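Which chain is which? They are A, B, C and D, in the order written, and residues in each are numbered from 1.
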Amino acid sequence: MESVLKIKDLSVNFNSKDGIVKAANNLNLTIYSGEILGLIGETGSGKTVLGQAIIKILPQTARVTGEIWYGNRNILALGEEEMNKIRGKEIALIFQNPSSSLNPSLKIGEQIAETVQKHQGLNKKEAWEKAEAILSQVGMPPRFAHYYPHQYSGGMRQRAMVAICLACQPLFYIADEPTRGLDVTVQNQIAGLLNSIIKNGKGQRSMLLITHDISVAAALTDSMAIMYAGEIVEYGPTREVFKNPLHPYSKGLLNSHPAKGLKPIKGFSPSLINLPEGCKFFSRCSRAEKDCQKEVPMFGRKGGKHIVRCFYA
Amino acid sequence: MSKKIFPKNRLLIFGLFLLTLLIMVSLLASYVAPFDPNYVEVENRLNRPGGKNILGTDGYGRDIFSRIVFGARFSLSLAVLVVLINLCIGVFIGTASGFFGGAVDELTMRLVDILLAFPNIIFALLVIGILGPSIPNLVFALVALGWTNYARITRGLVLSLKEQDFIISIKAIGGGDFYIITRHVIPSIIPFLVVLATLNMGHMIMSIAALSFLGLGVQIPTPEWGSMLSEGKQFIFTHPHVIISPGLAIIIAVFAFNLLGDGLRDVLDPRTKEIIKT
Amino acid sequence: MGKIIIQRLVISILVMLAASFLSYFFLYMAPGDPAVSIIKSQTGREPTQAEIEIFRENRNLNIPLLDNITIWFGMLSKGDLGISVRTGEPVLHEFKDRFGATFLLAVISLVLAVLIAFPLGVLAATRPGSVVDHVTRVIGLGILSIPEFWLGLMLMVLFSLTLKWLPSFGYGTIYHFILPTVTLSTGMSALLMRLMRASMLEVLNLDYIKMARSKGLNRPLIIWKHAFRNALIPVITIIGTQFGHLLAGTIIIETVFSWPGIGKYLVDSIYARDYPVIQGFVFIIAAMFVVINLLVDLSYAYLDPRIRFEQGRN
Amino acid sequence: MLEAVNLSKSFYYGLFQRNKNDAVKNVSFKIKKGETLCLLGESGCGKTTAGMMIAGLIKPTSGMVLYRKENIFKYRPKELKKFRTRLQIIFQDPDTVLNPRWIIEKSLSEPLRIHGLANGKESRDRIMELIETVGLSHEHLNRYPFELSGGQLQRIILARALLLKPDFIVADEPTSSLDVSVQAQILTIFKELQKKFQLSCLFITHDLHVARCIADRIAVMYKGTMLEEGNAEDIFSNPVHPYTRGLLDSLIIPDPEAVHPLDSNIPITSDRNYTGCKYKELCDYREQICEEKEPVLKK
């Protein structure tokens, strides 16, 4: 399989009054064409930062180091102008919380059309026609193009968000918690929509699905990476990770789901400001030994593509 | 980050410094002022700044610096008085109306809407124009409309607080209305009121000065900044120094309050929760 | 939408009723006999009993307050605001003659203020923490601390007296406009600039701006189409409420520059205790203020579709 | 223990209050001692309003809430204050439940102060005991709410709720703003405490997974009405109402081997008030009678 996006040693830090927030540390990740890669993590694991780093819309206070290779271009080295030719056209970001991510004073049709106008050089009328076509593609009547976001329900707003991202038919999608805060039935619909976008892409389209919800990850993703305290602790094909989670955190995370036993992990996640030395999961881990506290474990390969960052897994 | 916050705090501290200076001056006016502010010396009229009268003398030969110093006492205490009365009325009505809602709320808020629709100064002009210029009338004119803004803002704050879980949860624990208002609601809105009142101080000083300038506020022989300007207006083309320094005094006082209010607003912003603690 | 207009109209009518009621109420509370003071101010001597009686009869001062108000509303419904004691002209005429000058002064100042404030505010907001931002912030705060009438006097001293570039007062040529409008718009633009900056800063931090960036739109488009429009909404409301401030400013500025508008006339009438004029003018100004507020609400609704389509919640 | 009888709440809005919105309509249920009833439904179905009425914080338009056979809305102020010690409520978003300007200890001891039970050492001992029961330590007492994570705050709130030794808890989505691993912690503690103190509970949630873990009985709500009520196991193994069935079918489970019936069609429903069954627009089994009458609950 061909790789679409290669993330190499990516670190993201923020300066804050209380110290440096290490939101992401030395991330390495490859996304292959045609696949949905799930990035699973809880609040404060740094997963949202990664999505915004790829498309370079982090706030100016962020310090980003490393490389993000998109094809033969390193995104982190590109200028704003070149980036604007990629954003929305080749890489699209589906935001969490569509209620605040849609511009309240512009019609949905306009919000889709402006992207098309910008990237495909169409005039306003053609762009609007396109917008209506895209809306029906995501299962909404074209007349909804003339409505404002507040006239949509929560689920429809998320659809509109997907429609905006779909406007220029990009090949790479980043979906940031697309199902958070939605009702069960609507969650199912949005998951189905995202799945169909990638699966109908003839193996050309791929997606980075950022989520905290392991159910959604189980249903949609081909492979998954689990993040804890700014680091990826485990990566592998979804089925294997679920069948045989190797990292103690991954095990804990899966087992704490109500449908899988509701067995809690003890302790609390560390703050991203004062990260401990060595393995970040040390203090909560039942299998930890002394050396875990001294150095960060490297990734170990456990057969095929399944890798884990733990000395004792 | 620290770099961004620094100038803000510096402005705040500068405002505080100016204000302390003003308060000291007005409290110790009789020690600071070199002359009696009302001592008329016709042969010394309209002296230019310099010499024994630092800021010169006015049309009656009175020492301008001394008049400004005593004027500070007058202008500041009058503004403080008006702001405090407004604050008390406004907070009382706003809290009652926001917390208990219902028909009383509906009525008071319509009244506030109506009163707010009146331009402040025009209303004051109307009141003073008919009742005649005097200090009680001036205070009445500025209070009659002034409380509405406090009431409106307090009500808004109380309304949004009332819906917050932490207030509802106290209710669920068994806390009564009086307990909730005095222990949770009022303390939560105090920072906002402090900012509002501070910024309003500057506004009041200017309004009082403007009315006095028109001859409708503090009356002429009294050393007050606005009335000094009103008196000095006739000498503007011959002896502009008569109106320059009282104007600067107003600017300094208003600027001090504005700096303070603006700085406090940044510091007390509820979104920067960390700061409230310190 | 219709609901809002109806609500506002009801409030507007109430405001105007309250305005006229208040002006009457205060008239009755006025110290001393208005008849005496008015005749005195006209003739310059103590009035005789007969003169007072005639005056009272003419001015309906002998009948009770409520009846008097009814009469006034009756006149009002015919567009009659009474007759100026000072000039003997109908109040409405006096108003019409002077309104143009005031209106021009207010509108030109407002336009000038907006033209200065909006670009500066946006500029400061798009570069938070920069030199431009800090300078505009401190200067803005400083300008807001200057009393308008004093600024007017200072400009007069500088440009008319010292430099002799511009006329110090009066009305007529374009040069006469410069000092008053500059004076009025200075404070206003500082205020609007600060509001614009704050509003813009808030909007620029919202998710939909990130969204617009992620679509590959370029910066000017994001700032003006996505951010500015939404940032404008709260500023417009303030402009509406500031109109009262502007009117108040006009009154004082007109006195300073001897501008032949309604403000100066109102102040002169107050000095002369010309009650019908005070009453009538306050009423008209309140009415104007109400209309402006109504217009602001409408433009607000135009800018913010959430309000335009509001079906009524609460 | 506690009984809701035909609870209804309508909100009126619009010019002259012309429009009416039935947030809750004729909801009835009983909760026995030590039992957990789960009120299950999607956002906007009226489950929170129902919970607030049970807690006596919203007055119902009609119907009543019986606590130990007494209507709580007929209580005199003194009785109501007593009732407030018997029933406690836990909110969805722990970040907003404590006064942001107070340290944790002050907020924790507040119920004791309100009811005049705070006597220095005794109150402190009770707080210490509870704070350890919920897995925190005394060092958390001197912190401000913003310094603690959502999970820690929810533990504090749990401790505060138990301070007055209540026998009934209304829990309104207590874990829906928390991460899965934290949710597991809170739910585990919650279950332990419930057993230990013999608490009855009305547990409001939209999460079927959570409902399954925590409920003895489940009541399904949709657009303000109750569609189905029964034992938790029965509801999950044999749902009767088409809506409940649809809900269970659309549930995504955390198992990549499972077949997920993802359905990307969206039904567009209207919000208007209408006659007949509330679910008719989406129902596969719709018939003429559904248009005309609103069905009533039957065994």
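One rule holds for everything that comes next: a residue touches a chain if its C-beta (ideal position, glycine included) is under 8 Å from a C-beta of that chain, and two chains touch if they have at least 3 such contacts.
Quick caveat: nothing in here was measured; it's all calculated off a predicted structure.
Among the remaining chains, C is positioned farthest from chain D, on the basis of C-alpha centroids. The chain pair with the larger count of C-beta pairs in contact, out of B-C and B-D, is B-C.
One simple way to say how far apart two chains are is to compare their mean CA positions; for chain B and chain C this gives 21 Å.
In whole angstrom, the spacing between the mean C-alpha positions of chain C and chain D is 53. Inter-chain centre distance (chain B to chain D, centres taken as mean C-alpha positions): 49 Å.
Residue positions of chain B touching 2 or more other chains, listed in rising order: 274.
Contact with two or more other chains is made by no residue of chain C. Residues of chain A found to touch two or more other chains are absent. Interface residues of chain C facing chain B in the complex, by the touch rule stated above, are 11-12, 14-15, 18-19, 22-23, 26-27, 29-31, 128-129, 134, 138, 141-142, 144-150, 153-154, 156-157, 161, 168, 241, 244-245, 247-248, 251-252, 255, 266-267, 269-271, 273, 275, 278, 282, 285-286, 289-290, 293.
Looking at the complex, you find that chain A touches chain D at residues 42-43, 139-141, 154-156, 159, 183-185, 187-189, 191-193, 195-196, 212-219, 221, 238-239, 242, 252-254, 256-260, 262-265, 268-269. Chain A contributes residues 52, 55, 57, 80-81, 83-89, 92-93, 95, 97, 100-106, 114-115, 118-119, 148, 150-151, 164 to its touches with chain C in the complex.
Every residue of chain D that touches chain A in the complex is listed here, in rising order: 42-43, 149-152, 179-185, 187-188, 206-210, 212-213, 246-247, 250-258, 260-266, 268. Listing the residues of chain B that touch chain C in their complex gives 3-4, 7, 11, 110, 113-122, 125-132, 202, 206, 209-210, 213-216, 229, 233, 236-237, 240, 243-244, 247, 250-252, 254-255, 258-259, 262.
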